[in-house]
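One chain, chain A, appears in both complexes that follow, with chain B as partner in the first and chain C in the second.
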Partner chain A sequence: MTTTTTKVAKMNALQLNNAQFKSILQKATNLVALPLIGIVVFLLLWSMAADRIDTSLGKFPGPSSVVTQASTLYDEHVAEREKATAFYERQEKRNAERVAKDPNYQPKIRKYTGKETFFDQIITSLITVMSGFLLAALIAVPLGIAIGLNKSLNTAVNPIVQLFKPVSPLAWLPLVTMVVSAVYVSPEPVVPKSFLNSMITVTLCCIWPMVINTSVGVASIDKDLVNVSRVLRLPALKHVQKIVLPASVPAIFTGMRLSLGVAWMVLIAAEMLAQNPGLGKFVWDEFQNGSSDSLSRIMTAVIVIGFIGFLLDRVMLQLQRVVSWDKAGAH
Partner chain B sequence: MSVILDISKIDMVFPTPKGPFTALKEVDLQISKGEFVSLIGHSGCGKSTVLNVVAGLYQASTGGVILNGREVSEPGPERAVVFQNHSLLPWLTAYQNVELAVKQVFGRSKSKAEVRDWVEHNLKLVHMDHAMNKRPDEISGGMKQRVGIARALAMQPEVLLMDEPFGALDALTRAHMQDSLMEIQAELNNTVIMITHDVDEAVLLSDRIVMMTNGPAATIGEILDVNLERPRERLALAEDPEYNHLRSEVLKFLYEKQRKVEPISASKSAKESTKKTTEVA
Partner chain C sequence: MQVSLIKRTWNSLTKASKKRAALASVAALSIATMFVPQATAEELGYPEKEELKFGFIKLTDMAPIAIAYEKGYFEDEGLYVTIEAQANWKVLLNGVIDGSLDGAHMLAGQPLAATMGFGTKAHIITPFSMDLNGNGITVSNEIWKQMKPNIPKMADGRPVHPIKADYLKPVVEKYASEGKPFNMGMVFPVSTHNYELRYWLAAGGIHPGYYAPHKGDVSGQIDAEALLSVTPPPQMPATLEAGTIYGYCVGEPWNQQAVFKGIGVPVITDYEIWKDNPEKVFGITAEFAEKYPNTTIRLTRALIRAAIWLDENNNANRPEAVKILSQSNYVGADYDVIANSMTGTFEYEKGDKRDVPDFNVFFRYNATYPYYSDAIWYLTQMRRWGQIADDKSDDWYFDMAKKVYRPDIYAQAAKSLIKEKLVDPAGFPDFATETGFKPEQKEFIDGVSYDGTKPNAYIDSFKIGLKTGDKI
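Here is the complex of A and B:
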């Protein structure tokens, strides 16, 4: 009697495990297998299509040549870094020798002026987009809150926002460039002008969606929550801090993710257009270079640009999950 | 009994695109300390408007509200409001929601430990101490309403204002909440104005039932004194002739004297919609 019950229990356990196993398998299929199939099919189609496209610079790069170029780009980066270290070692040695000969000699330290590698350009672009984005957030979020809270201010500012929002930031680029070279004159600039140009372009691109989303978020706060604040007689600053800001965090993040995505696209274009350092310049230089490897190097850059754009969005999403109370809104 | 709250001949006129709309006309009501008054009337007659004027969220066009001899001109925690849809801050836990109110009202006079004790005491009063650290989206509608009541009670208001506090709850939960409220009322003896749509609720809870006429220009139609003995017990009352008399008085007022004339407004809106379609065509 007892043995049969234990047997049954065991069988139940087994069945349960079986069911659990099935559901795990299902999840694995959905999460891993399906995207994997998608990628494999894409790679197949890509390499088939690439074989058929001939350009003046040779065949269109397929997946394999992109992989080759990716590792070449990495090797070049390592080689360039070695050169730089070697340069600084030599310089140090030379300076030490001269100081030994002549104690009054002031050693000169020169910077290594090698070519920027692919990875340097990635870092430059990332720093540019993040600084431009942060600057925009610093301006846009307080401005958006003020506009959202004050109807008259909203009416006053709205036409300006609506006018500038549809302008491609690239149209600003020549103006930004001229103003920066006119205003930003110092013999020892802290940051290069080209960086400022790109950064301000990014800021101009980010600012409008952030202002609009923040102000809409603030203006559409539940009236009852505002009434709670009024009944409690929260002072203005506390009202913003305790009610307005938390309530509009989801809207603010929506604006931020939107603008960061656009900013990344615009930055690459701006770098190409203005020959400012960054991934855009890398692409443009390769295009001008016109060697047989150029197309595969550009294709590598394209994939990296896409991947970084994806990562930026994921990072913002993760940040939103941490900061925002509205878990439903963060997906 | 001393009058604590004097709603003195208030008119409320809203400016609307179609011209001024008189919602309230000469609403006049005096409420004593510790009295439980409920406002009943058909939808849209102006109950919330009266409550919002008392709360200070609206300014009466003429007349005014006098609390303890002082005219009311803005909202304040001495007239705490329990809103119809709880209005808890969704990013704060039940505890933090009450704490925000307590800190704002008693932040200067209470120490940190006292604030904590007071928050917990009020949550206990509404039987929500077991879910203090849950956020509003993790608790049921009735529980949210309890926290909303705890928040209002924690302000130790002179007058507690409740706008259909149980309107969104199912019948069973509502009965449970009414019992809780009677318990709390027996203990604290607050002065309360409560809006309700529910005739049984009005008779069960109130010392006086204020019945409002239909708008526009709504005003107080009749006032019914409820002298049923406390503590009241809903099952015993069901058999009570006095209770049933009061109940039918309210029903008579609502469905005979102030019958809502729906057909007129329905045909009116129908006319309007045909007008619109002809305009489009």
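Here is the complex of A and C:
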């Protein structure tokens, strides 16, 4: 049974590779030259347009002010790290003094209390989005498989999925915030509430594409494969493990890729609205500050957000290529 | 008693541990006898809670918190404080109530309203008043154009100050006759800004509207000629620019921001509405103060030192303070915008920059001492505009003020600082005789004088506003 699957997979792959070989050469030139032209034209248009837009906070930031701001943000990051080092040194000294006076005292190193830099915010956002996404995947894939395997279950669950799928993260957020603060009470929380808020909001929004894609993938498994499983009288779990999962991997990963894109968009909005640490908060804080640098800092963040979204998508695409036999699904 | 307790504990111990315990208790006893007499009375213990998170709204009057952090005053007390900007006053208050924030920069009315249950109910106290003055009222360019011809001018053509709301009244009447609502922004229903804007409007004969919480009406627009609504401080200029509101009352730098952006004109500062009015306070829950008494005193000590630093040598440190505040994690506005008001001047109409040396007072005139009379003023305004629906006795006002304002904690903090020679005692009130009531204050824009010991008589002295016996 496994051999059947892999054979089908390999044959498909080979055929496609042959057919695509010529066009790949052509693509290579296109891949470098055309995008480059596109970017240059965009930068020109952008800087021309930026010069003509006057806001109450000064001119709209062009490419050059974004570059300056990016380096300022980096300098700020370095400066903040130096402050952090000094903070730890002072703390150790203070702890030592207190231990000298009060030998029973258990010295404790507390985390740096200064501000989060732009780079810290990027990392916070990435961790949040990945946790929310993984949690969603853990729920969505089994659920999707169950729905895909069972027609009646599908009919039962489908209206609910369709109902929640189009809901904006902003609508979920107040509910999530209130529930988290009511349910998650501990004097020494392992993770901050704000992290949970963003994470759960992300999960709620990116769970649906995965459920739908997984169930569709599972439902449309080749009849022959299902028959093979029947002939061999595979128990239900083995059937899922050996037939269903391998066969629906391309669909599952297509769903995951869609979900991750949604997750990233949702996260920025959630952080912005709930003031949870991350890139969204960075953007909102800068908007609130209304300084003459604010717009160019926001523009820098916009570009970084876009770039990270793009990278996340590429990573998922590679992952999808590695695990799926159906290369046609991965573009 | 102590001996019998030790005996009982001793008997309950197993033989093996008795030897170790004997040594330890001898040591403990000797330490106790050595330190107990002084320790309870004077020595300030280590903070019970060391890692704290404080919230603030992006306004220059959050400065004492930023300075206490940047100048290491918090760390000197063994406190490791994280400071976090909050989206708006409601989010900030909820953060303090649910414990995600340990303390915050608050509107003076917030702890009072929370404690009596207008809005979210929670017992919030304040051991430290953060500043005097610091707000302004700004109108849009369009309104200014219509208002300006009514204002008397000085010889050089600049308007005579203070500009009263009397000159705005014809404009409001014109809008009313055209059937257009005259909308203005303030930052929170129990904010200083709401009461100041109302005070100014009412002094000029413009009715700002009543609240009726017992009927579920908390919009504050009953009988209103000018309709006031809530906008978070940093969004004020953008909302004004969008034309949603025609004017607003807000703290700095958001009035100066309007001048810089060229979208509005500040007409009056709160200093001119009520000279040296108390403004923000530092709020914590009563539960926090009870659970962590040393932490509470220590954070008050750090804030007092920061306030002293901000005012010392005739505001000599202000430029440095402005530089700190202009960092994006604090107020984040441009240096020039913040400096405009923080360094003793205030720019009204573009180019009309005047000296207002006391625009932001952080320590002078006992600015940090939490006066009961300040609390009572806010309570009288809450009654005046219907947020307190029914008549209350004078004693009710005194009790409420004493429940929320805690000069006792302030005095403990200040005395320990004086004892350690970290501060000059001359800057503080005489704690032995201080009653917590300021002498009668007369410098209000409408000439009505305020005596904190007679709240009901004060409420009855206004032309516009609810009086004894009135109920919406």
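Going forward, the second predicted complex is superposed on the first by the 291 of 331 C-alpha atoms of A that agree within 3 Å, B and C clash if a C-alpha of one lies under 4 Å from a C-alpha of the other, contacts with A are read in each partner's own complex, and residues count from 1 in each chain.
Heads up, the rule we're going with is that a residue touches a chain if its C-beta (ideal position, glycine included) is under 8 Å from a C-beta of that chain, and two chains touch if they have at least 3 such contacts.
A quick note: this is a predicted structure, and the numbers were derived from the prediction, not measured.
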Task: Fit or clash between chain C and chain B when superposed on chain A - done: fit
Open item on the list: In the overlaid three-chain picture, which partner chain does A:D285 touch, first (chain B) or second (chain C), both, or neither?
Closed with: second
Task: Which superposed partner A:R233 touches (first chain B, second chain C, both, neither) - done: first
Open item on the list: So in the superposed three-chain picture, is A:L225 touching just chain B, just chain C, both, or none of them (first/second/both/neither)?
Closed with: first
- [ ] Identify the partner contact of A:I243: answer first if only chain B is touched, second if only chain C is, both if each is, neither if none is.
- [x] first
TODO: For A:D51, select first, second, both or neither according to whether it touches chain B, chain C, the two together, or no partner.
DONE: neither
Task: chain A residues touched by each partner, larger count belonging to chain B or chain C - done: C
Task: Lowest C-alpha to C-alpha distance for chain C against chain B (Å) - done: 52
TODO: Using the superposition on A, tell me which residues of chain A are in contact with chain B and, in the other complex, with chain C.
DONE: none
Task: Complex contact set, residues of chain A against chain C - done: 56-57, 90-91, 94, 98, 102, 105, 108, 110, 113, 115, 181, 193, 275, 284-286, 288-292, 294, 297
- [ ] Show which residues of chain C lie in contact with chain A when the two form their complex.
- [x] 46, 50-51, 58, 69, 72, 75, 78, 80-83, 85-87, 91, 98, 100, 234-235, 237-238, 241, 257, 261-263, 326-329, 331-334, 337
Task: Touch list for chain B against partner chain A, complex - done: 55-57, 74-77, 79-81, 83, 85, 87, 89-91, 100-101, 104-105, 135, 155
Open item on the list: Can you tell me which positions in chain A touch chain B when the two form their complex?
Closed with: 222, 224-225, 227-228, 230-234, 238, 242-243, 246-247, 249, 325-326
